[in-house]
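Letters A, B, C and D mark the chains in the order given here, with residues in each chain numbered from 1 onward.
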Amino acid sequence: MTMDDGADLVTILHTQRSELVSNVIGGTEETTTGVVRLTAMANDDKLLYPVIAVNDAETKHFFDNRYGTGQSTLDGITRATNILWAGRRVVVAGYGWCGRGVASRARGMGSHVIVTETNPIRALEAVMDGFTVMKGIDAAKVGEVFITVTGGFHAIGREHIEAMPSGAILANSGHFNVEIDIPALEEMATAHREVRPFVEEYSMKDGRKLYLLGEGRLINLAAAEGHPSAVMDMSFANQALSAEFIVKNQGKLAAGVHGVPIETDREVGRLKLESLGVGIDSLSAEQQRYQESWEEGT
Amino acid sequence: MTMDDGADLVTILHTQRSELVSNVIGGTEETTTGVVRLTAMANDDKLLYPVIAVNDAETKHFFDNRYGTGQSTLDGITRATNILWAGRRVVVAGYGWCGRGVASRARGMGSHVIVTETNPIRALEAVMDGFTVMKGIDAAKVGEVFITVTGGFHAIGREHIEAMPSGAILANSGHFNVEIDIPALEEMATAHREVRPFVEEYSMKDGRKLYLLGEGRLINLAAAEGHPSAVMDMSFANQALSAEFIVKNQGKLAAGVHGVPIETDREVGRLKLESLGVGIDSLSAEQQRYQESWEEGT
Amino acid sequence: MTMDDGADLVTILHTQRSELVSNVIGGTEETTTGVVRLTAMANDDKLLYPVIAVNDAETKHFFDNRYGTGQSTLDGITRATNILWAGRRVVVAGYGWCGRGVASRARGMGSHVIVTETNPIRALEAVMDGFTVMKGIDAAKVGEVFITVTGGFHAIGREHIEAMPSGAILANSGHFNVEIDIPALEEMATAHREVRPFVEEYSMKDGRKLYLLGEGRLINLAAAEGHPSAVMDMSFANQALSAEFIVKNQGKLAAGVHGVPIETDREVGRLKLESLGVGIDSLSAEQQRYQESWEEGT
Amino acid sequence: MTMDDGADLVTILHTQRSELVSNVIGGTEETTTGVVRLTAMANDDKLLYPVIAVNDAETKHFFDNRYGTGQSTLDGITRATNILWAGRRVVVAGYGWCGRGVASRARGMGSHVIVTETNPIRALEAVMDGFTVMKGIDAAKVGEVFITVTGGFHAIGREHIEAMPSGAILANSGHFNVEIDIPALEEMATAHREVRPFVEEYSMKDGRKLYLLGEGRLINLAAAEGHPSAVMDMSFANQALSAEFIVKNQGKLAAGVHGVPIETDREVGRLKLESLGVGIDSLSAEQQRYQESWEEGT
């Protein structure tokens, strides 16, 4: 069985080590990015065994991506730089679950948050949630801290780097180290040096100084301690129960990407609430009946 | 064609006026509650024509239910009572899209918000969003204002009414007038009288006074002006475009509940952003390719 | 005794009806603006009897000006216009106690808040509190709703009116009707008409439409119900106890502006907390001693 | 000249090394606690030279105490423990400037914040700001993280330690290491050990485990890097300009505690805004005149 975090293991297995695939009964995947890659593989009919998209469990991505990444991204940047967040213009590239978490926590620390997006509906949500939404190139001109959480490629590209004010800080909390176009940054700079651990100062030809954190790798892992255990517990509970599910259903699941069974997801939620000492209600039989009925009403 | 808001029209059509159904080419439905009822009908094989669940468009329920209901619910209660929200303990029953909106806006006005839920994952989200989560009966003991947005039946029942402190205010912003058990309230009271427009004071046998707003009907419609036009525009755009879709696809859609086409949804979002003067980015060809590829990475 | 709200009564008494002054044993003043005027009178040696600045009691201006004005200003504008606050650019002129309240509540409703100020320290606080701070003329160009709470004169002047986008809404929650230069607005317009109660549409020569609410008078009084009783109770408790203080100290207080006795202020706070059922601690004898000592430490 | 941070140097100078006092022309003091001690000395006629209370400059305590302490306190606790703040019950003892900062930032990270106070007016402000206010002993029973910022002695005493749930975290960001009664904690424990750097686990006789951070010393200094430079710059500007003021006014200032001259304070604010590129307005001559006049109005 494979337990993967970004679908790298699965990719290597299907390309460089394909002789091993037939021994694998199934796998689990932890991240949004990995699920996107696996879904692309499955659409190409290239994924040769069943994988449970642990990331897509509500008790995983609602919490890990939002509250975990939200807090730990700011934590990583704080440890690397000791900047004051209050009053600072922070550009968050991407308003998915991770982006929402980062934007919300930056606002909670007193920052002026600017969001960039490519999805119009998410962009509208950001506007209505009280954030300023701009095109990336406009945000580049006014931002002081830039955080990429798009899950994609070169969210910060050459044109953005050219437009940024001197002193700008660049950090990634999304996908590997590809969200910031680091090759472009290096090419555009005349020199660079480490000014604090995890803080690389790039001297640009025009005299500006830009600061890349943690080599553009996930800043919460590079400069802080990753997610707190209080969110990882739910992710790992989903991982463990999904692994058990694969073993119990060996041979019954088609090759492809499968969701975490809803019963597993709810049970993880129920256990977590119990551990927090938080009580909730149950629907009464009458409420249940009313909800499922279409004849009552008005 | 039917354009419904709560599925009442569809229900009457399928029960009391079934002779008319064969003339209907399709319908649209505006609300969460209506979609739940229609889905129940469809599951019973009782829904005889295609209905577009306009509510389920992201440009509808993300905005109308959250920002519209959030603001207008508080507005209705303010107009009815002129209470100060700051420092007040507000119990929000239900943490769906409407409940999130109401909880968020009440916190934005300085209230101490308590959430009750039956879904463990939503309850956990409320906890992590910084709200206090309790069983309904515990919330009843400490709340000052109670707002129901569960979409269900008797979210506030006899036992909650018995536990509430004197002075408690009860309002509904969810489903018809059935979320508060008004028959129980009336039976438990010795007298009631209107103390302000939309505010009915119930004198309880034990001397407590409870205040029911707007007869337990949707308080934003009863005491305020409903949603602002800046959210209804998106709902109505979806309605209009869905109606056009039904006409254009007459005879091609199976009986049952259908989603709004994603192209329609995104187009509504795009137009709204444009009307607000907000710019967003597009994925470059390279970014698009990267996202769809599974071979690149790390 | 005079009980004044804006120092108009005192001004008339000292100018047009000065024959009555000798009969007055003292007075109280409710507002920031009134205290500023009375202090100016006292500095000119023109104030002929003692006045208690009720406004300056902490249990008055911390609450009434901040939470009262904050909520009721938004309430007034909502009732007048039914606008959606979420996602809207709201310019708050002035970041005193009233301005903080308005800015905080507008943000709580999802608005993008821009603050203008003349005091550098207040402007910095607004920046660090996460608001965008701009010169008035720059804010005029991008704002959608303008709210004046400076306590001064023509916070919105001709140049700002000229720069505003069509559709802009102008409301005042500060000082009389002088914070917006209404004579300039009228002169610059070709026509005006009431489009909703409390909403006057001005058609400008260049085709823009601007909307003045409540004739530029205090919008919370014009279009809503003023402050909720839950803040006025503290203001009036200070008024009543200050009036008693004046009677008890007749002849002993010098002409001029006096603060509310700190014992009165704290007692009002204590009583309010008690009414809310909120418990607080007392300093132990040991803690009291430690705090007053300078020999202990480290 | 003395430049002090807590008035320890001044105290030693006036007690153990009093022969040196006559050579001192004046001093400056950085902290609230120090100013309280110096004021007590002055009230006892024991302070023998003039001291500028730099802490009391608005550009110092509005920013350093609120935004600096707010952020760095959470930072210190995060680095020491890597806890998730979202959903956690955080008790903040004291709602002065530091307490406001800590409470605001903890809420911004998704915590449920409980405030304890001894001052009724501050307690009321906390209630209206949306925080839960309780007596210390009640907060002790439900809190998960306890942060002391009272500036006083034993804000967390034996009775609170006895009431805390197992797993509670205790941190101080206020006055030296005296805000938590550490001698009581040690006496009540059967053993203690370091479980992470800056985290001491105390095993209580009844089986509970309590976690004291940074030996109860200022946690932002113990486990993080203190305040970011973006707030210290204003404090130090006030220090430097106050030192210059003492030299220039040698022999002219009476022994005792003096405020920072308002011109100095405003100039620091003006320079800081300029450095941030933020523009503000100036009062026009007409506005100035209106504000100082008492004859105009209504």
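Rule of thumb we're sticking to: a contact is a pair of C-beta atoms (placed from the backbone, for glycine too) under 8 Å apart; a residue touches a chain by one contact, two chains touch by 3 or more.
For reference, the UniProt names are A, B, C, D = Adenosylhomocysteinase.
Since this is a predicted model, take the numbers as computed values, not measurements.
Asker: What are the chains that chain A (Adenosylhomocysteinase) and chain D (Adenosylhomocysteinase) both touch?
Answerer: Touching chain A (Adenosylhomocysteinase) and chain D (Adenosylhomocysteinase) alike, sorted by label: B, C.
Asker: Among the chains here, which has the CA centroid at the largest distance from chain B (Adenosylhomocysteinase)'s centroid?
Answerer: Following the centroid criterion, the farthest chain would be D.
Asker: Centroid from C-alpha atoms only, then distance chain A (Adenosylhomocysteinase) to chain C (Adenosylhomocysteinase), rounded to Å. What do you get?
Answerer: 44
Asker: Please report how many Å separate the Cα centroid of chain B (Adenosylhomocysteinase) from that of chain C (Adenosylhomocysteinase), as a whole number.
Answerer: Taking the mean C-alpha position of each chain, the two centres sit 36 Å apart.
Asker: Roughly how far is chain A (Adenosylhomocysteinase) from chain B (Adenosylhomocysteinase), centre to centre by C-alpha average, rounded to an integer in Å?
Answerer: 29
Asker: Which positions in chain C (Adenosylhomocysteinase) touch two or more other chains at once?
Answerer: 67, 86-87, 107, 110, 127-128, 276
Asker: Which of the residues in chain C (Adenosylhomocysteinase) come into contact with chain D (Adenosylhomocysteinase) in the complex?
Answerer: Chain C (Adenosylhomocysteinase) reaches chain D (Adenosylhomocysteinase) through residues 6-8, 11, 15, 36-38, 40-41, 44, 46, 58-59, 62-63, 66-67, 116-121, 123-125, 127-128, 133-136, 138, 151-154, 176, 178, 265-266, 269-270, 272-273, 276, 278-284, 286-287, 290-295, 297-298.
Asker: Name, in rising order, each residue of chain B (Adenosylhomocysteinase) that touches chain C (Adenosylhomocysteinase) in their complex.
Answerer: 67-68, 70-71, 75, 78-79, 82-87, 104-105, 107-110, 224-225, 227-231, 276
Asker: Show which residues of chain B (Adenosylhomocysteinase) lie in contact with chain D (Adenosylhomocysteinase) when the two form their complex.
Answerer: 86-87, 107, 110-112, 127-132
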